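Naming follows writing order (A, B, C and D), and every chain is counted from residue 1.
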Amino acid sequence: MDKFVKWGLPALTLGLLGWGWWLGLAWAPPDREMGDVQRIMYVHVPLQWMAMLAMFINFVAAVTYLMRQSWKTDALAESAAEVGLLFGTLGMITGAIWGRPTWGVYWSWDPRLTSEAILLVAYTGYLVLRRFVEDPEKRAVWSAVVAIIGAINLPIVWFSVRWWRSLHQTQSSPKTVDPQMVLPLRVAAFGMLALMVLFLVHRYRIALAERRAEVALPEALPTDDPALRAAQSSKVA
Amino acid sequence: MRKTRPLSLLKTTLVLIRKDLLIEWRTRARLNALVFFAMATLLLFSFALGPDTKLLERNAGGYLWLAILFASVLSLGESFRVETENACLDGVRLAPADARAIFLSKALGNALLLLALGVVLVPVMVALYGVRIVTGFGDLASILVLGSLALSAPGTVYAAISSHARARDVLLPLLLFPLVIPALLSAAKGTTLVLQGDPMQQLGSWQGLLLGFNLIYWGVGFVLFPRVIED
Amino acid sequence: MIALTSLTSVSSLMVLAQASSVGSGRLVGGWGYVGACYGITVAAFVLYSVSLWARRPRAASDSKE
Amino acid sequence: MPPPDPGSAPPPALALHDVSKRYGRRWAVARLTYALPPGRSLLLTGHNGSGKTTLLRLIATALSPTAGRVEVLGRDAVADREAVRRDVALLSHASFLYEDLTAHQNLMVLGRLLGVDAAEDVTDGLLNRVGLSRRTDTPVRGFSAGMRKRLAIARLLMKSPALALLDEPFGELDPAGIQDMEGVIAELKAGGTTVVLATHLIEQGLTLCEERLHLQDGRAVVA
C-alpha cells in the first residue's frame, strides 16, 4: 500500500494526465465553434469534477465525524477541504481564462462560476475556522458543522444564482460533444482523480500527524497511575 | 425541596427570548448605536455612488439588505458576547435548558431585532433614495420577515461557533456571508420588485426561495446547534 | 511502462506548447489561453506538491502506515 | 445504566468510574475512581491545576468525560444528562450572571427556567438570605466580587439541588462573608443536600465535610 502510494500512484498520475492531455492537445480535433481554445476543457472540466468530489468527501467525512468521533475522519475532512479548494480554485481560474475568448470577458456571472466562487469562499472560511480554534475536539465538531451547512448551501446557491441570472439572459456554454473529445476527457479525468487521491493521501498523513501531536489519542489512556505502578512493580518483584 | 416542574421546549424558548429582550432593552444604547450604524451604511451607499438618483432608486433593495446584513453581524456577535461574559451560556444549559430551545430563542430574538431594524430602515430608504412602495406593504412585510428569519438562523449557529474562537470579529462574517448569499439575493430582488412593480409576477418565486432557505436552515440549526454548544 | 508513456507525453506536451500558432476552426488561434490554463494548473500542482513535501510528518509514525 | 431498584440501598450521591478528561495532550483528570458514601459530604483538595475544577465541571455535566463514567444519584451523567442537571447545581469561578440584568432579574430568569412556583417570592427570600435585599435592582455590572459571589450562591440555592458543587466558595469573600457561606453550606447539608466542596481553606473544609479526596495531577492521592 505504502509502496503504491509512493511510486505507483505518482507514475499513474503522470501517465494518465500526460496521455490525456496529449490526446486533448494534439489528437482531438479542434471544436467547430471554439477552435483550439476548446482544448482548455481537458484541464478545466476534470479540475471541476475533482473539486466537487473532494468537497463531497469533505461532507461525508464531516457527517461521519458527527455520528462517530474519530480523528481519522476529522483529518480526512480537513485534507479534502484543502485539496478541494486547490482544485476548485484552479478550475475557476481556467474557467475564467476560457471565458475570455468565448464570451469576451473573464468573468461573466455564469451561474456555475458564480456558485463555485461562493463555494470557495465558504471553504476558505472553513479552513480559517480550523486555524482559529485551538481545542482539537471543539475544532473538529465545529468545523464538521460548518462543512455540513456549507455543503447543504451549495444547491441553494446554485438555484438562486441561476434564477437571478435568468432575469437578464441565459448563458449557454456551447458544448458540442465530438466522440473524439470524450476519450481525452475521460483519460484526463482519471489522471486528475489519481492526482487528487495522491494529494489527499499525503495531506491526510500530515493532518493525522498534526492531530497526534496535539492530542494523546483516545486509545492511549494514561497508565502511569501510581497505584497501578505500585501493583505492577510488586508483581515483578 | 422547592417545587419545580420541567418546562416544555416552547415554554423554555419563551423564557429565554424574554430574557434576551430584557437584556436588549436594558442595553438599549447599544441597540440605538446599531440602528444608526445601519442608517449610516445606507447613507454611505449614496455617497459612494454619487448623486445618480436613478442608480440609487434601482438598487435600493440591495442596499437595504446589505445594511441589514452588516448590522446583523454586529447584533449576532453581541448576542453571544453577552452569553460568554460570565459563562452565562453554561449557566443556562446547566439550569437545565434544552440546547434546542437556546437555538430557537437566540435565532428568534435576533430575527425580531433585524425585523425591527428593517422597519426603521425602510422609511429612511424611501427618503434617501426616492423610491415608492408599489406593490403594497403586505409584500414588503413578508419579505422583511422572511429575510430577517433567513439571516438569523444560520447566523445564530455561526455566531455561537465564532464567539469561542480567536478573531471572532473576522470569522463570523467570513463564515456567514457566503452562506447567506441566496437569502440576500432573494430578499434584495424581492424588495426591488416591491419598490419597482412586479409586472411579470416574479415576487412569488423569490418569496418561495426565501421560505425554502428558512425551512432548511431552521431545521439544520435545530438539529446541529446542540452539538455546537454541548461538550 | 507507465513511466515511459509519461515521459514521451511530457515531451510531446512541451513541443505542442511551442507550436502554438497552428489553429483551425472558426475561432482561430487562442493557444495562448490554452497554454496559460495548462501552465497555471501544472505550476500550482508543483507548488502544492512542494508544500506537501515541506509539511511532511517527520515523526517516527512516518513509517507506520 | 439500569435504574437502581427501589428495594436495595440508596445509590451513592456521587460515583466516579475510571473517569478521565483530556485537554489536548494533558490529562486534567486521569482514571479517577471514587464513590461518595450516602449522607456524607466531600472535600476536594489539591493545588492549582490539580484537576478540581475539571472534576466539578464533569460532575455538573458541563463537560463530558473522555473516558469512564460519572454517576450522580445512580444516574449516568452523559446518558441521563437532563435528569442529572436537575439534581446538580454548580457554584463556579464564572458566576453565570448576566452583567446587564439586576440581581432580581438574574434570579428570576433561573426561577422561570426551572418552573419554580411563586418565583417572585422565592427570589425575594433568597436575596434576603444572602444579604442582597438592598441591592436587588442594581445591575450586576456594578457589583463587587464579593456581592457577585453572594448572588451566585443565591442562584445555586434557587435550584435547591440534591448535589451542590462548590468551587472555591470562600474566594473573594470578607470574613463576614465566609461565615455566611459556612452557614449556607451547613443549611444545605441540614436540608439533605450532598455537598462537594473544593477549596484551599482546608480547615474550613474539614469542619464541613466528612470525606476528603486529594487530587494531584488529576489523580487521587490518599490523604
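We take it that a contact is a pair of C-beta atoms (placed from the backbone, for glycine too) under 8 Å apart; a residue touches a chain by one contact, two chains touch by 3 or more.
Since the model is a prediction, treat every value here as computed from it, not as a measurement.
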Tell me which has more C-beta contacts between its two chains, B-D or A-C. A-C
On a C-alpha centroid basis, what's the spacing between chain B and chain D, in Å? 37
Centre to centre, by mean C-alpha position, how many angstrom separate chain A and chain C? 18
Could you work out how far the Cα centre of chain B sits from that of chain C, in whole Å? 47
Separation of mean Cα positions, chain B and chain A [Å, integer]: 32
Return the residues of chain A touching two or more other chains; collapse runs of consecutive numbers into ranges. 134
Pairs of chains found to touch, sorted by chain label: A-B, A-C, A-D, B-D
In their shared complex, chain B is touched by residues of chain D numbered 60-64, 81-82, 85-86, 88, 90, 92, 94-101, 105, 109-110, 112-117, 122, 139, 155, 158-160, 191-192
Could you please specify the touching residues of chain A with respect to chain D in the complex? 134-136, 214-216, 218, 221-222, 225-226
Which part of chain B faces chain A closely enough to touch in the complex? 154, 157-158, 161-162, 164-167, 171, 174-175, 177-179, 181-182, 185-186, 189, 202, 205-206, 209, 212-213, 216-217, 220, 224, 227-228
Which of the residues in chain D end up touching chain A in this complex? 20, 22-25, 27, 30-31, 66-67, 219, 221
Report the residues of chain B in contact with chain D in the complex, numbered from low to high. 1-7, 11-12, 15-16, 18-19, 22-23, 26-27, 82, 85-88, 90-98, 230-231
